[in-house]
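The structure under discussion appears below in the form of C-alpha cells.
So that you can tell them apart, the chains are marked A, B, C, D, E and F in the order they are listed, and the count of residues begins at 1 in each.
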C-alpha cells in the first residue's frame, strides 16, 4: 500500500479519534491484525477522510448515521467521540440519532441513544 | 395525528422534494395509502425535518448515507433530488457515496452511483 | 429429504400461494433449481408452515413483516398474495406495513406499500 | 407533538411493557433523551399501537419477527415481555422465532432463542 | 423430520464444532429449544453441510463471510472454531475478514477481527 | 492513490470480470464516477484480490455469499460471471446459494437463484 497515504491517514485518524484510542487499537495489533490496521488507516482515514470534497464535520454526520443503521456498537461509540472532536455538539448528535429512528426504525434509535449515553459518560469520566 | 404538524410537514416536503414529485405521490394515494401519506408527512417531514437542531443540508447528508446503506433505490433517488434542493452539489453527493463504499461496502457504492447517474439524467432531461 | 414432508409442504404451498404461482415456479425449475425447490417445499412449507403451533394467518403476519424488512420485493408480493388467501384483509396488510415503517424505517414502508399496490392490481386484473 | 397522542401512547406502552420497565426507561431520560422518549411514546405507542386495525397480539407477532431480523437484542427482550402481556404463550413465541430462522436465517433464530431464554429467566426470577 | 438426516447432521455438527461445544448447546436445551435443535441439526448440518457439492473448507469460507456480514457475534465465533477444524488457517480466516471489510464495510471487519482475536484466545487457553 | 496498485487491480479485474464487462463500466464513467472507478480498481481489485493469502476461487466463494446476503443484484450477477471465470462450476454456485438460504434466509436464496438463472442465460446467449 501507499506509504504516504498511510501517514496521512494516521495523522487524521489521531486527530479525529484521539491518540489514546488509536494507541490502544495499535497496541492490541499483531501479525494477525496488522493488515486490518493498514487497511483502516490507509483506506478509511487516508483515502476517504483525506479527500477535500467534504469537511470533517460532514463526514462525521454521515458516519454516525451509517454506523447506527449498520448496527455496529463499538464503532458507533468511537465515531461519537470523533464527531465531538469534529465539532458536532451532543445535541446535534442526538438530532442525527432521532433521524436514524425515522428512516432506520425506532429500535436503531433506542440502541444508539443508549450507546451515546455510554460514550458521553466515558468521556465525562476521563475529563474528571 | 396533529394537523399543524401535517401542514408544516407538507410545506417542508414540497420544498425539499419538489411539488411535481409530491403531487405524483399524492395522486397515486387512495384509501389504502392514505395512512402512509399521513405518517410520512407528519412524522418524517413535520416532526423530524421540522426540528431546528440541524439545517436541511445536514439532514440530506444523513439521509443519503442511511438510505444508500438501507438499499432502498426509489427513496435514494428521491433524496438525491432533495439533497440538490437543499444545497448539496453533485460532487458532494459523490463524496457521500464514496464514504458509503468504505463504511457500507463497495457494492452499496456501486449501486448508489448508478442510481445517482439516473437521477441526474432525469433532472437534466426535465430542465431541457 | 423427507418425502412425506415434501408432499405435505407442496399441499400447503399450493393452498397459500395458489396453484398458478406454484406451477409457474416449478415450470421454471430444472437441474440447477431442483435442490432449491426441494428445500423451499420441504423446509419452509412442510416443516415450518406445517407446524401446529400457529395458525396460517399468524404466519402470514410474521412473514409480511420480515420480508418487508429484509427488502425482498418478489417474495413480498408472493406473500401478500398468500396473506390474502390466509384471511388477512387488504386493510390489515396495510396495518402491518405501517408498523414496518415505525420499526423498520419509513423507506421500508414506502417501498412495501408500492409493492402491495402492484400485487393488488395484478390480483384485480386476474379476477376480471 | 400531539399531547393527546402522547398520553394515549404512554397508557398503551405501560400496558404492554409494564410499569416497571417504562419507569426505568423514563428515569434514565434527561434533556438528551427526552426527544427520543417523546418520539417513541407518541409515534410507536400512540399512533401505531393505538390504531384499531390490528389487535395487540397481532402487533406483537409482527414486532417479534421484525426486531429479531433487525438484530436488536435489547428491544427484542422488551418485546418478548410485551408479547406475553399481549397474550402470546412462550410456545407461540418459540414458533415465531423458528419462522425467523427459516426466512431470516438460522443465526437469527439461534440468537433470538438465547435472548428469549434470558427474558423468560428474568421474568421467572421477578415472579419468585 | 427425517431421523436419518438428524443423525447424519449430528455427526457432522460434532466434527465441525467439536463435542464440547455441541454438548453445551444440547445441555442448555429443553422443551422450548428442542425444535430449534432439531431444525439446526437436521437442516443446517444434515441437509446443507451433508451435501456433496462443496467440501467443508469451502462451506466454512462461505459461512464466515455471511455470518460476519449478518452481524451475529456468537455464531461467528462458533464458525471460526469450525473453520479451523475444517482446515482453514488463522491467516486464511484473516483474509476472509479483510474481504468482508471491502465488500461489507470496514465496521464489519473491525468487529469480526475483534471476535476472531477472542475466539483464538479461548482456543489457546483450552489448549494449555 | 497508488498507481502500481491501480494497474495491478485493473489486470485482475479484467481477468475476473472479463474485458467486455470492465470496458462497459469504464465507458460509462466520467468526472462524477472516476473516483469510484479508482476506489474499486485500486482497493477491491488491487489490494484485496491482489493479496496472496487466498486463491481466486476462494475469493469468489466468499463474494457470492456476501453479495447475496447484502442483496445487491447487479453486483451478484457480475460476481457470478467472475466465479465461473475463477473456476467454480454452475453446480458449485448453486451449492453456495443453497447455503445462503440456510444462513441468510430463504428469500435471499430464491432471489439469488433467479439472478443466477439470468446470468447463465446471458452468458449462454453471448456464447452463441
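Methods note: contacts are C-beta pairs under 8 Å (C-beta built on N, C-alpha and C of every residue); 3 or more make two chains touch, one makes a residue touch a chain.
A quick note: this is a predicted structure, and the numbers were derived from the prediction, not measured.
Trainee: Would you kindly say which chain has the C-alpha centre located farthest from the C-alpha centre of chain C?
Mentor: If we average the C-alpha coordinates per chain, A ends up farthest from chain C.
Trainee: Looking only at residue numbers at the chain B/chain D interface, is the share used by both copies over half or under half? Answer same or different.
Mentor: Homomeric contact, same residues on both sides for the most part.
Trainee: Averaged over CA atoms, how far is the centre of chain A from the centre of chain E? Could you give it in whole Å?
Mentor: 30
Trainee: Hey, what residues on chain C touch two or more of the other chains?
Mentor: 35, 39, 43-44, 47, 51, 67, 70-71, 91, 94, 98, 102-108
Trainee: Note which residues of chain B are touching chain A in the complex, please.
Mentor: For this pair, the touching residues of chain B are 43-44, 47-48, 51, 53-54, 58-59, 61-67, 69-70, 91-92, 94-96, 98-100, 102-104.
Trainee: Name, in rising order, each residue of chain F that touches chain B in their complex.
Mentor: For this pair, the touching residues of chain F are 28, 32-33, 35-36, 39-40, 43-44, 67, 70-72, 74-75.
Trainee: If you look only at chain F, which of its residues touch chain A in the complex?
Mentor: My answer: residues 1-2, 5, 35, 39, 43, 47, 51.
Trainee: In the complex of these two chains, what residues of chain D are touching chain F?
Mentor: 102-108
Trainee: Help me check something: in the complex, which residues belonging to chain F touch chain C?
Mentor: Per the touch definition, chain F meets chain C at residues 71, 90-91, 94, 97-98, 101, 105-111, 113-114, 116-117, 120.
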